[in-house]
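Input: structures, listed below.
The same subunit A turns up in both complexes below, where it pairs with subunit B and then with subunit C.
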Partner chain A sequence: MGWGPRSLARHPLRTALSLAGIAVAAAMLLDMVMLSGGLERSFADLMLTRGFQIRVTPAGTLPFDADATIAGAGGLRDTLRADPRVAVAGAVLGASLHARRGDSVVTLFAYGVEPEAQGIYQLESGRDLAPGDSAGLLLSQPAAAILHARPGDQVTLAASLDPGTAGARAERTFVVRGMVRWLYDYRGQRSIGLPLATLQAMTGRAAEDRVSLLMVKVRPGADAGLVARSFRERHPRVAANSVADLVAAFRVRMLYFRQLAWILGTVSLLVTILLVTTLLTITVNERLGEIVTLRAIGVSRAHVVRQVMAEGLALTLLGALLGAALGLVTARYLDAILTSFPGLPAAFSFFVPRPDAIALAGAALLVTGTLAGIYPAWRAAGAPIAATLRAEAT
Partner chain B sequence: MLLALLVAAQLPRVAIERRLAAEAALRVGDTVALASTADSAGTRAVVGAVFEPPADPAAVLRREYRVRLHLPDLAGLLGEPDRVDRFGVALRPGVSPDSAASRLNALAFGFRAYPSKAIAAESSRTFLVVSRFHRAIAVISIVASAVFLLCIMLLKVEERRADAAVMRFVGVRRRTIFGALLLEAALVALLGSLLGTGIAFGAGALTNLYYQRLFETRLVFSLITPSIVAFSVALSLALGLAAGALAAARLTRTRPMVLWGRG
Partner chain C sequence: MSVVLADGVTRDYRMSGGVVHALRGVTLAVEPGEYVAIAGPSGSGKSTLLQLLGGIDAPTSGHVEIEGTRLDALGDRALTRLRLLRLGFIFQRFHLLPVLTALENVELPMAEAGTPRGERRERARALLDYVGLLERASHRPVELSGGEMQRVAIARALANRPALVLADEPTGELDAATGAGILALFRRLSADGTTLVVVTHDERLAAEAGRVVHMLDGRLRD
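== the complex of A and B ==
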């Protein structure tokens, strides 16, 4: 280690304060880099949890964005399955159902699913719905808790309630087959799953064969974007979006967070530049006599520049290491705040600690710290030897 | 011509929002086709009015177009006559919304009554989350600013080592030097605070200009209130004085020869 980085130990309080400042700035930078990239990555990962790369929804809508449904879903599904590039295609219908619990009525969100081609849940216990099992029911943990039900229990559901007669319409009794985790549910959402045809019949959507969306998995090697585009062109009444299309739409909605991340990340870098430059400039001014003495005995300007810049780099590196630890902790705290957004899928994260994000923040900080040393290094290398020594001696 | 006018007079009237009117080049009196889904036949209607929707932060990113119809026209279009999402109920003066909602809920089957206050609280949950996030970011920014300020003030005062040494050599008392350094720190903190306030107002104005144009809305995105300014200036002054006092105390405790670099 040269004399530049070693001189940081001469003023421990000053160095500690600078390190603290750089660490907080580095933590903020890391958090903002994670926020700007993590949003999209987390959303894309969530969309691809079960490998379905395309969503087909009513034209002008995104999945479960509106109450609109697609008619003639069976025909669309058959068209999709006939495409040699498509591996799996399944339909999903979302609707509200009601269950009695004692004297009260509980409203639940029901998914009508095709278990052989579904991409919206993962089985946790019990068993999945079997083909042709029209009386089977799947429950999420919050739904099971409110209904006090578990696999094997019976649950009676109604499609609608009539305030006029205080009676339920289209009531049916189901047997709980399994407990599942719905991938796109928000925290605490009371969701249940039943066969698509059953839910369509209960909610009066069987005649037109209406569904909320179709999910498509393409075969390995097939381009999901091309499949979505060709399907969209043949069926203009629906929106067929690949995960890349959905991420682009999501990016527009999350514009605020991305811009905030860029602004705060830039401010963090500016703070780091100011801190390092100020500290090094004052340190160089204090040591100008020593530096010109070194120059006088033959130490080159380039060596002086390297040492001053190494001092800035060492300061930034130490601050960045502290900041990385601090940033990961604050990211968890900030993520806990933002993931409490109402209606946000519980599996979604805003701050995703990825190696590339940490590397990017670290590289940006180190480059900044190095650049911040240019001015003080130039001052140190350019000081006139004789005049400075004379001034120091008086 | 007369027949066309007669047909148009029988069509339902709709009000469309200004943004939609501008983008679809629609004017009052134009006929539009409305459908509940992209694949349904729908119905025709006449644009009866163009309106400016209230600035709604919840809808600003959704970019949806709004159309207002008379209730029977919309119910007919959706194929769900005599079916509504909700009722608005105005109570007689003196009736408590909470007790009225409780009474309705005791009788309810298939619906639930909420006081407006509860709905407002529920619908503002998104903004409460954003507000909590902003507060958390503000705390981090304040910590960063505080450390930055402490550091800068320390360096600023330490830069005066030679001056302090000379003053001590000519007999100026430590307390006087301490006071002078503290005053200088206070002035620097005050000037920095004023400059920072100016930058904040400028940045806020730019933020509002950018987002208001981007989202075509009158919403205020950056609002700097007197209390925010007072808090920020007070905090930076307090931190500046604390840092200045700390550094000045260290400086005045040091022997003059050491300050002069010969100790």
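== the complex of A and C ==
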């Protein structure tokens, strides 16, 4: 290692404080870079968790909104399945159900699913619903906790309960088959799953065959965007979108997040430049006598420039390494806070630690460290030798 | 051919109060193997002359030659290279790099000159041995006394086998006993054939020189 980077050890406290400042700025930069692309990436990953590339939803609203459903789901599903480009199409209905727990009533969010064509849960333990198993029930961990139920237990559910008389309508008893993780649940959501037809019957939606959404998986090589567009053109009363369409719409909606991330990231880079430049300028000024002595004994300007810039780069790289660790820790903490907002899927992430994001932040810092060294290096290499030695001697 | 020749050099400084004439037409030639002391009171222009002889400052008029090469004909890069390879400098305040060991400080000019690592390490050790500091080779300047630091600076000045060694008040920061040790070292350098030009207030050091030139008000007195 040359004398430039080694000079950082001359004032350990000053160097440590500068490193801390650079680390904080680098952490902020990394977090902002992760945030700028993370939302979009996380959204796309979440939508594609089980490989379903198309969503058919009620036009003008979101799936699982209270009364927003699509009528005639069977016909739409059959149309989709008839398309040779479609591999799987399944429907999901969302509705509220109630269970008695002692003398209180527990309200649960129920998914009516078609287990053979579902893209909204992953089995964690027990077994899935079998075809024709109209009494089977799936539970999320929060639902199991509130019901004190586990696979094999019986749970009685009702579509509505009169709070005055506690009289139930459409009450049925189910057997818990398995524990599942619902992909789009928010944290702590008490969700259960039962066969689609059963939930439709319990909630009075069987007659019109209403569902909240349809999910479609296309065959390998098929263009999900084209499949969605052709379906949309034939069925204008519903919204059919590929995940790519949804991600594009999401990107537009999240534009302000990305802008904020870029602004804060740029600020952190400027802070890093100012910190490194200030520190290097101070240390160069302090060592000007030594530096011009080196020039006097024949050390080239290029050598001086290299050493001062290497000092800046070493400082930046050390700060960046500390900042990377700090950034990952703070990203996790911030992510936990942000994803606890009601209505946001727990599996959603704001900060996604991707290698390309880390590499981008690292490259930006590398450039920053180089830029920050330019002025102090120019000052060091350009100091007048004789005048500086005269000033040193007095 | 003279090792160094200053031919009618003047050096003016523009200050807020007007122009200061630090040197007023000095001519001085130093021959190979000579040991020349430049003596004179403060402000007489000794250090300015040394800086001109060493190519770290340029005269206002006149010119300086090193081994027949006019310094005013050289660009910054060539002049820096000439200082590296043909001149050795010793300063009053030593100016060693505090983050390098004594050995690394001596190696530095050789590394800049492109001397292979093994060769320069061997020579740096030999030079530290020459100035009596081999056992302190791994020490940093902060762990050395003033006299020891000046010995390391002398070893550094000799690193690239210079044609001329220039020393500016080399005993100025040292006590009498330590300064005597440096005097002995200069005596030895001269005896070994090194061409030396030393600026000094120290009458003992001047007395060691083969030739003493006195300066007053920017001129040589004799």
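Criterion: the second predicted complex is superposed on the first by the 373 of 394 C-alpha atoms of A that agree within 3 Å, B and C clash if a C-alpha of one lies under 4 Å from a C-alpha of the other, contacts with A are read in each partner's own complex, and residues count from 1 in each chain.
In the analysis below, a contact is a pair of C-beta atoms (placed from the backbone, for glycine too) under 8 Å apart; a residue touches a chain by one contact, two chains touch by 3 or more.
Everything quoted here is computed from the prediction, not taken from an experiment.
Colleague: Record, for the superposition on subunit A, whether partners subunit B and subunit C clash or fit.
Modeller: With subunit A aligned, subunit B clears subunit C, so fit.
Colleague: Kindly classify A:Gly298 by the partners it touches after superposition: subunit B alone (first), subunit C alone (second), both, or neither?
Modeller: Second partner only, subunit C.
Colleague: A:Ala71 in the overlay: touching subunit B, subunit C, both, or neither? Say first, second, both or neither.
Modeller: In the superposition, A:Ala71 touches subunit B alone.
Colleague: Who does A:Ala145 touch here: subunit B (first), subunit C (second), both, or neither?
Modeller: Once the two structures are laid over each other on A, A:Ala145 reaches no partner at all.
Colleague: Could you tell me if A:Ala244 is touching subunit B, subunit C, both of them or neither one (first, second, both, neither)?
Modeller: Once the two structures are laid over each other on A, A:Ala244 reaches no partner at all.
Colleague: With both structures superposed, pick whichever of subunit B and subunit C touches the larger number of subunit A residues.
Modeller: B
Colleague: Scan A:Ala386 for contacts with subunit B and subunit C and give back first, second, both or neither.
Modeller: Once the two structures are laid over each other on A, A:Ala386 reaches subunit C alone.
Colleague: Pick one for A:Ala359: touches subunit B only (first), subunit C only (second), both, or neither.
Modeller: neither
Colleague: Give, as a whole number of angstrom, the minimum Cα separation of subunit B and subunit C in the superposed three-chain arrangement.
Modeller: 7
Colleague: Please identify the positions on subunit A that touch both subunit B and subunit C, taking each partner from its own complex.
Modeller: No residue of subunit A touches both subunit B and subunit C.
Colleague: Would you pull the subunit C residues touching subunit A in the complex into a rising list?
Modeller: Subunit C residues touching subunit A: 47-48, 51, 54, 56-57, 76-77, 80-85, 87-89, 91-93, 95, 97-100, 108-109, 112-113, 156-157, 160.
Colleague: Touching residues of subunit A toward subunit C in the complex: what are they?
Modeller: 3, 6-7, 9-10, 289-290, 293-301, 303, 385-386, 389-390, 392-393
Colleague: Once bound in the complex, which stretches of subunit A touch subunit B?
Modeller: Against subunit B, subunit A makes touches at 13-14, 17-18, 20-21, 24-25, 27-28, 31, 58-60, 68-72, 105, 160-163, 166, 236-238, 252-253, 255-256, 260, 264, 268, 271, 274-275, 278-279, 282, 285, 330, 333-334, 337-338, 340-342.
Colleague: Using the touch rule from the top, collect the residues of subunit B that touch subunit A in their complex.
Modeller: 36-40, 61-63, 108-111, 125-126, 129, 132-133, 136-137, 140-141, 143-144, 147-148, 150-152, 154-155, 158-159, 250
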